[in-house]
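Reading through the structure tokens given below for one structure.
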Amino acid sequence: MEVGFLGLGIMGKAMSMNLLRNGFKVTVWNRTLAKCNELVAHGASVGETPAAVVKKCKITIAMLSDPAAALSVVFDKDGVLEQICSGKGYIDMSTVDAETSSKISEAIISNGGHFLEAPVSGSKQPAETGQLVILAAGEKALYDEAIPAFNVLGKKSFFLGQVGNGAKMKLVVNMIMGSMMNAFSEGLVLAEKCGLDSHSLLDVLDLGGMANPMFRGKGPAMLKTDFSPAFPLKHQQKDMRLALSLGDENAVSMPVAAAANEAFKKARSMGLGDLDFSAVYETVKITKQ
Amino acid sequence: MEVGFLGLGIMGKAMSMNLLRNGFKVTVWNRTLAKCNELVAHGASVGETPAAVVKKCKITIAMLSDPAAALSVVFDKDGVLEQICSGKGYIDMSTVDAETSSKISEAIISNGGHFLEAPVSGSKQPAETGQLVILAAGEKALYDEAIPAFNVLGKKSFFLGQVGNGAKMKLVVNMIMGSMMNAFSEGLVLAEKCGLDSHSLLDVLDLGGMANPMFRGKGPAMLKTDFSPAFPLKHQQKDMRLALSLGDENAVSMPVAAAANEAFKKARSMGLGDLDFSAVYETVKITKQ
Amino acid sequence: MEVGFLGLGIMGKAMSMNLLRNGFKVTVWNRTLAKCNELVAHGASVGETPAAVVKKCKITIAMLSDPAAALSVVFDKDGVLEQICSGKGYIDMSTVDAETSSKISEAIISNGGHFLEAPVSGSKQPAETGQLVILAAGEKALYDEAIPAFNVLGKKSFFLGQVGNGAKMKLVVNMIMGSMMNAFSEGLVLAEKCGLDSHSLLDVLDLGGMANPMFRGKGPAMLKTDFSPAFPLKHQQKDMRLALSLGDENAVSMPVAAAANEAFKKARSMGLGDLDFSAVYETVKITKQ
Amino acid sequence: MEVGFLGLGIMGKAMSMNLLRNGFKVTVWNRTLAKCNELVAHGASVGETPAAVVKKCKITIAMLSDPAAALSVVFDKDGVLEQICSGKGYIDMSTVDAETSSKISEAIISNGGHFLEAPVSGSKQPAETGQLVILAAGEKALYDEAIPAFNVLGKKSFFLGQVGNGAKMKLVVNMIMGSMMNAFSEGLVLAEKCGLDSHSLLDVLDLGGMANPMFRGKGPAMLKTDFSPAFPLKHQQKDMRLALSLGDENAVSMPVAAAANEAFKKARSMGLGDLDFSAVYETVKITKQ
């Protein structure tokens, strides 16, 4: 099977390498073309432009850093739109907002092409080992066609319905994550202040019904006041805000998420926005200033 | 090693059977003595009264249903106090409040005995398979002495310091649990209302960093409006309230736990107190009445 | 002093009548010109179009029903822009969002005119009696020039600085109002449920440091489940949301407003959005469904 | 009319002076008897002990500083209980908890006496000018008998039903007060951070439907970071906690009060407990530490 691949950042490089290793023919493109060399050494072809990749491949996957980049490869000169047409599919796996996704979707479809948004859950390591979780939404036929590739890239893929649902699913998941992180932080501080050993709390939690990789992974670092950013707090807070807006549109009252959001805002006001979102722990610890 | 065992309810029976299977000599007592028969068939001796058990054994474990029963076996006629003395240890593994635990502790110690509170995390099945988590607090020397028994009864035991810390640890853990259940409920309702498939959300959650046995176990039942009580909502709310009180004593502000507590109170006001605590999900779903 | 007046709805009619009564020469315009007759009977002149009014008057005041109407009288054919020029002032007293206000401001200024946004606090009755509170922002010189008119229209006017500040002030005030209404509702329900007489609570509140016209005015109606809309709940919730957004932009954590906002959302989900915002009281009362 | 008066602190002195000025015969007692002199100079008699006062007077009023003092004058040697009997009434106007009030009530009644709890709203100045608000509960007949005295002491008295209702009414009122203070604080900080003038906000609020003596009185001091304690924050937080407990007992969910309570707890954790409760404003202002 032949696929195009646009964007060879940390994620894109790992993913396209994975496809190559699993027998796919891959034509790659990257804004800085030199980044293609390593892939070529493993058997990839190079397309000079996004348009060239789309011209050559029935299905093209994109993994770009942000909405601006996602829009650029589609709408700019030599972009995807110039070659997309009936019979060709475009799968954007970047994490973008619903509006960006809709804009791309409409353009692709109005040119006769097929579109899928497919943001992923998981970062560098799962990308390298094909353990991503893929949240696809858009055209079911294209999803079905892409399954062999998704099977290589992820441990699991979901087809979630119409375009926008992939982004929404990420928001719901991140909202739960943000509230859980607050619950965890409150528990850690309560344990400390009432004379319990925090490490024992981590151990007890990890042996019970609430045991989860996030508490296990971040707990010990939090106790050492280590908030090296895996997912920056300001981005977590933005996702809480967007999830609450989604609730507002749909008249869903979410008091716990709202309280968690205000705690993240408090953390931002304390200058912690660029640290890991687990730094919300600091807002619970505040004592005499 | 010889131990006494007071209380053969669901938990106590499973635990004493476990001790027998693992080579312990066990002398059992139960308010309704007939319940001892099955244990006798597996090699247990019977004590006619709590006092008789304590007289015979260096260490006596109790697993009783509530604070009233825990106090009764110690303070009533033919109770533990009549025989406890220097060199003997008493380990109360019942889940009781800090005040009850202190009262028992003081009485045992003032009679020269040694005391450990050791509430457990885990219910019937982990009790049968020796997979409990044991939260012990009180006298360290007695804890060390009891380790062989704890190793049989639980997958892990903790020594948490002074009497009261076992109960506090359970409160902290249950507080985190209550907030997580609210976060989960809000996420499930948001997903439904904004057009996502709830079962997909469960699957996505279970593949990521927040995957945990509670979401996995309770999620599908919640979606079927099945709230058969494993842990009644009114008890969960009571633990939230007690944890918030603990925070109040120690000047720890916990806005997310407070919001979760109010949701559980709302659930109680809706008549859901005797259902499983996952019924808090119903408070998020409320629509036109 | 001569002023133009665009828009003769409930508010605009009362305001322009007020100006006439106090010796102002007023040239009025209304989309349905027949509505001008009553004003003419009291001495007003009529302008055929917004442009005609602006051409004739040094200062033109507008009081329109919504952002669409506010934009239309400025930008449409025969609109304000066609005649606004150096030396002429335009004062928009409609309640519009910051974006609409900025758009109008920029257009007026780039045509050489002067601009003031001046939303008011107060409804029909204060408009008739000249008891409005005027929240003006924009060009100070125009504010100073308009003071004689503001003195007639309102009991007090404020100059709040740059365009947008009038709208922001209204949001802050309405946010406090929404939180207060929730506090009041919770108190009323708590009183009822714990056996106190609700009317006594109203009386006690009205005799103390928290006595205010809102509690006094709305309390008795709330106890009779009368939520005839003076300010619809969905608009109050929208203002809470916008105020929380303003807090988000400025990193101000506002947990009480956030909790109040979720209660208003709950009320919307219960179908109460078109009732008065005091209907949030119903969310506190919820019992068995 | 003749009344006894126990306790001549700031409040008690003002109140008994008031009664004297209005033609009552008053027999006073105070732990430090010298404090009676000033009253005697204005015509009061002195009782050597609480028992002596009760022996002499048909109705005895007490105004003591705390629950311990309230219990002491009743139960200690030479206390109220020694002389209370059929036909005599005892009115405790101290602010005490429901439990203390019940204990006193039961003792008085089981000795044949009549009892009224009657905490007041209002501090020194209203006590001097007879402008207190009296929240009476207990025996209606005694309330009716005491009305001439209440008319002198307060601008208004309420009979609220059974003993305990006076204390509950104060909790409900103080809960609303605490939430309002948080709403006000959030609004003040939001105004500052988004570029509005805080004093203008105070003025706008004071001209509208939410105008109230508390905002008017405390606002300017708050803006000057003046938190001289009129009502200490730790007492306000205690009342929020007790009101939330009352809600818990009656299954009333109060998310706004709960959020406000957590903010007061945060303030306590910042060491602000002894300042005025308006110091909760500082929790909203927190920025980089």
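In order of appearance the chains are A, B, C and D, and numbering begins at 1 in each one.
Just so we're on the same page, a residue touches a chain if its C-beta (ideal position, glycine included) is under 8 Å from a C-beta of that chain, and two chains touch if they have at least 3 such contacts.
Predicted, not measured: the structure shown is a model, and the values here were computed from it.
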item	value
Taking each chain's C-alpha mean as its centre, the one farthest from chain C	B
Contact-richer chain pair (by C-beta pairs counted) among C-D and A-D	C-D
Computed distance of Cα centres, chain C from chain A, in Å	42
Centre-to-centre distance between chain D and chain C (centres being mean Cα positions), rounded to whole Å	39
Centre distance in Å when chain A and chain D are each reduced to the mean of their C-alpha atoms	56
Numbers and ranges of chain C residues touching at least 2 other chains	247, 251-255, 258-259, 262-263, 266, 269, 286
Touching residues on chain A, where the partner in the complex is chain C	241, 247-248, 251-255, 258-259, 261-263, 265-266, 268-269
Interface residues, chain D side, partner chain C - complex	121-122, 133, 135, 155-156, 158, 160-162, 165, 168-169, 172-173, 175-177, 179-180, 182-184, 186-187, 189-191, 193-197, 200-201, 203-205, 207-214, 217, 243, 246-247, 249-260, 262-263, 284, 286-287
Residues on chain A engaged by chain D in the complex (per definition of touch)	255, 259, 266, 269-271, 286-289
